[in-house]
């Protein structure tokens, strides 16, 4: 199980290979990749910055990975989140889940993303030329996280 | 949109790069990868063979990709299915879906896998030393496909 | 002519990968099955599996009526992915 | 001592990334907030956002009672992923 933040670009090929390398039982791998889009409702974006809470971010990500492993009986989980300045089209977050059956791998990756967007101390700022705007938390993300409550 | 079968090993790094190369709108990519496991309820497996119906397989995969694009408003879909002899731990199928929002990308990839296992003319045989056994269709796969009926 | 193709267990049991049959007016899939069953026990065994049927790559029932040149395929439930 | 950290909009508005406060017995997060608000308008503005509160990396409410050496953080709803 791996959960970390990094300032350098995420290499999804490397992360996929590392995830696969350790598998003994799994027949299914689901990956999620979140990308910087080059526009939003305000117009054209020139990259984003991701601020985070060093220490708490890593702990929260690791706890999330552990919860996903236990809840969905995953064989492996990797969560890599980029922080700092990120260019358009680059990867913000990469999540990989491996499980014996595909339903568990899909559910695990969806769960991690929904809870990550609710609980992990990361904040996104979008850049527009000289100015920049903090991204507002979305109510749809709150709804997505609440569906996992039981 | 790409949907094809191939006898050579699937290169998920290449497929991921091709999927990403064409994106203009998407902020989310979900991939699914199905692997040959080295055991089943009968014991240790030494690879599998995948027979298919040339012509019908390709048409059915392409129609499935088109249906997923339309139903979940996906920007891109790639489905690559291996056929012929496949070694343990190799990739049987690789599916990639890109969408503006993550829920659509997750749903699209899950839908493609559920319908593929129900509708695409592919048959799996597991090898055990000198002998080999056809894999039986699973009722759980039938149930998985039926949840998408509307 | 009608082309008949078989896959997986159906191919192995019928010992047939591909063959041709003469076409006749109003020929149905059921007619094809009857004609093949008359050719040998291996076809009776193959059809006892209740295989899926495709005509020109589309899944059909045994009532489906054929046209000259159609391709008919018999195969078991699929197990890809 | 109590360490106070601020992130994102709360950091910008309070103009504070990190600072220290003296610890006193039965000190709550609400006490910390009152003490900071007395230091300047920027803190009143920052707390008017109703930021989330973490103590030693765990989300807590403003009633949470602190211990010597605790790290308290104020930040807006998260927007990662």
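For reference, chains read A, B, C and D in written order, and residue numbers begin at 1 within each chain.
The rule is short, and it goes like this: a contact is a pair of C-beta atoms (placed from the backbone, for glycine too) under 8 Å apart; a residue touches a chain by one contact, two chains touch by 3 or more.
In this text, all values refer to a predicted model and were calculated from it rather than measured experimentally.
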item: Other chains in touch with both chain B and chain D; value: A
item: Averaged-CA centre spacing for the pair chain D and chain A, given as whole angstrom; value: 26
item: Centroid spacing, where centroids are CA-atom means, of chain A and chain B in whole angstrom; value: 23
item: CA centroid of chain A to CA centroid of chain C, Å; value: 49
item: Sequence positions of chain C contacting 2 or more other chains; value: none
item: Sites on chain B at which at least two other chains make contact; value: 34, 113
item: Contact pairs between chains, per stated definition; value: A-B, A-D, B-C
item: Chain A - residues contacting chain B, complex; value: 12-13, 16, 20, 23, 25-37, 89, 100, 102-103, 105-106, 109-110, 113, 144
item: Residue ranges of chain B touching chain C (in the complex, touch as defined); value: 34, 50-53, 55-56, 59-60, 81, 92-93, 113, 116-125, 134-137, 141
item: Contacting residues of chain D [partner chain A, same complex]; value: 5, 7-9, 11, 54, 57, 59, 73, 75-81
